[in-house]
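Input: structures, listed below.
Next come two complexes, and both contain chain A; in the first it sits with chain B, in the second with chain C.
Entry: the complex of A and B
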């Protein structure tokens, strides 16, 4: 009999963590921590969405801010000009962002090698430029302001929790289901995968779309959270890099690694890098180099190594 | 018609720079199968090196070419020896080498930002504004000099790859590293030297570019993309292929000014890349023989 691809332990664990986080704010009145956790949820969802492409398919994107920004601006514009309610506007922004990802990603994912990654560098930059001058959508460099709603920022905590939980669940499905096995096959050897009937073209596009759409959704969430967005920030290069870094710190291609990376990243940025704004790019770079050289699986690799020392052996079919 | 001639000449002169820039990326990719994402960083570093030598020591940018190239060569050798050498090769190593070199690029960028601030800089020489009439158009002397220097660099490179033992060894490693070990070529050493050569080319291109365009620490991202477009378009085959591809890119870019607003020209290279990937994916990187 085949082992089930979702372990009950994992489901229970996820639900328990979500339950604790859901009631947490009712027990304390620390608004600073509340907001920090909300932003962490956003980081988790975005880092996992990046990882679906960068980790599961091995197609690293250096330009995911393009989808984040586009989704954010479409969602904001839909709320301002069409009076669309918040959540449908997020979904709408996500769909547009996912389709946009397909437009440039479809041709570049077809080819083996680093074409996709290189293209993303251009996509991020080109999208930022075009959107900075596209006044109708983005309000130009002065940006867009959403109507203020009292208490919305506080309530968005639970929306963020749902978003992050969905992203974690999505990661499980994309990694452990039969679909996940196909993705792994594509990543290891495209030719061998197609020989056994795995349609790499369709699946790669699917993952790209889901990743881009989730990114757009996150952008819409971000827009509602700050109720003011401008292109230079939404499409910023350091935004794209931050997701790469979350993934790398936590462990590329693992399930919860990038989520862990996002937590660490948000905390480190808050307490350390904020004091050295002129050094943050270099710090990101040094971190990338160190992790890749010494522990390519990031924190997950470190944890596995420790676990092995204490005699733990993971089931081979579930090895990350 | 006069404007047409002007734009045509501008494209050809720009193409020389693009070819030099792209060959550095193509050389490393062809031999090591690694995309040097720090290419953009080294282009930027070359620009700042030339600017610094000119501002502080009063050295003419064209005289600075050789020392900057040598310094960049050493940087490349060190980058390979200290970092890239430790990575796995092939498909599995692809993601890791991309991320590693991207990290190096971020560090280089941040270093430049700390040393020279984020302000735009330009290299201004006494002949920066001189122009001579050529084929009915006024052409800047400096642009001609950049073209000449780029051409000279490519000719030297061609001779190096064709006539010297080192060049033949590099081409041999590009074709088949395993056989090279059998005939006594130290593949690791060739990898290291190739990485140095490619890095030096990036710095030379950056230095030449600095005499034409203003630059700041994020200079190089667009140039990396353009280099990649040229490599994809021209293949790794020959210097001639690279030159033709560079000319195509320069023509498209320069003539795009006529039909689209100026802020969109930055996107032209990217659109061209996607078009090439869609229309002519089969022949990309097809030939693996350098020279």
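Entry: the complex of A and C
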């Protein structure tokens, strides 16, 4: 029996979009677009995973690249040294990344708001430094190369689609399940939540684990996709920032907003890096300021506002 | 009648200040216990200790036979002692329905009870709205509904009547009485609105400067010289 909080319309919508995206590459041979869409899938999965912690729970992390990088390197190392098959290696990398998140997160999640965010900057940078010098795991600053497989990069499109679709479904289920409601309650008022029986420590740890493990899985996917990874890129601070930006642009705390933000982010970056490489970070800055000033719910808020203008009335709880 | 909630010599010290000083109280099943006293008497501190928000410096308290001293707030709530807040604290990002759902599911109750508690509090028609849209009285009802959704054995009501208009105050009074009579919840309440607490409480205890200075039925308390002195000064106590 399906839980009463899953709406048939949402399931059908997700399946339809996935079906179109799944057959898309068979109808055209554009490798550039193929590559871009695959990277967008990765962005969607990672931005949503970030949002479970940063949006639902309201604990904004500036250090999620730590889990992305760790998951990527563990998955790569497992494939190189243990001959582990690709997908199990991703899952293994994800689990390690999730556990790592618990190690630093269990103590730091007692901090709230900006204090937690500052702590995550430290965690991200410390992890980057340690891993840069940890030759055995990461190959040091020269990085790791995975064995090349012919045609793998092309096939990874569908793996990426599955990953993104699972992340969207996960976001939806998480937001509407009792767990998701409890996370929002903790975000609203952690003491009042405890007063009605919400075990905030355990739930915060749980969502951090899920978020970190998904990040690690994304890192594993990234490693397989580029078949070469190095710590400076995997653990980069700008990588952590990119997920914050995707969330803010799309709408922090909304179900699909960050996915929308990821699409915009990847496309804009691709266009700007090609044409105006020196403008690219500046434009994100401007975008960030505009969103924060005028529409705190990002594109999702904008879309809802337009929908209202045209007389569309939806149950308010769908918005976020 | 059996004793539901019992506190023995419970104290709270903030540095050099004894906010609550060795208070004993017992709440019998199906009873409303009123906790009154002038401002700064330690009522809210005592409440926070009973709900587990702050740990007592010394003393113990029990629900039925089991000791709750020093347990975290969420465990005390799950055990069946749930509080409301004097300054309302709704989950602003959740609809009313979701507010009560969180409370119910955290304590292992089902959706039906969550819905019933909204109906009981008279805010069910607005269940898809956000707490921001409610008046203060509405939000106080939400505090009640959210606490009742956990199916508590003991309800701690912190000034749920104060601050609303007289009509709403009467409805709130009726709601509290119904919670005791229809749902069988035992209640400890602090209240500044004296007529309400006098008509509701089976038993009153009076705090002043952290100490319990009197207890008894409402009729006995209003004539107690110590209570009159605490509220009005010694000149009126004779």
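Definition applied: the second predicted complex is superposed on the first by the 307 of 320 C-alpha atoms of A that agree within 3 Å, B and C clash if a C-alpha of one lies under 4 Å from a C-alpha of the other, contacts with A are read in each partner's own complex, and residues count from 1 in each chain.
Here is the rule we use: contacts are C-beta pairs under 8 Å (C-beta built on N, C-alpha and C of every residue); 3 or more make two chains touch, one makes a residue touch a chain.
Predicted model only: the values in this text are computed from it and were never measured.
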Partner chain in contact with A:200 - chain B first, chain C second, else both or neither: second
First, second, both or neither for A:30, with chain B first and chain C second: neither
Chain A residues touched - chain C or chain B, whichever exceeds: B
Partner chain in contact with A:135 - chain B first, chain C second, else both or neither: neither
Partner chain in contact with A:184 - chain B first, chain C second, else both or neither: second
First (chain B), second (chain C), both or neither touched by A:192: second
Partner chain(s) touched by A:108 [first = chain B, second = chain C, both, neither]: first
Touching both chain C and chain B, counted on chain A across the two superposed complexes: 189
Residues of chain C touching chain A in the complex: 51-53, 72-74, 77-78, 82-83, 85, 89-95, 97-99, 101-103, 105-107, 111, 128-130, 146-147, 149-150
Chain B - residues contacting chain A, complex: 35, 83, 86-87, 91, 94-96, 98-100, 102-111, 113-114, 218, 221-222, 224-225, 228, 232, 261, 263-264, 266-267, 269-271, 273-274, 277-278, 281, 284-285
Residue numbers on chain A that touch chain B, as the complex places them: 54, 58, 60, 62, 104, 107-108, 110-115, 117-119, 121-123, 125-126, 129-130, 132-133, 189, 237, 241, 244, 248, 252, 278-289, 292-293, 296
Chain A - residues contacting chain C, complex: 4, 178, 181-182, 184-185, 187-189, 191-200, 253, 315-317, 320
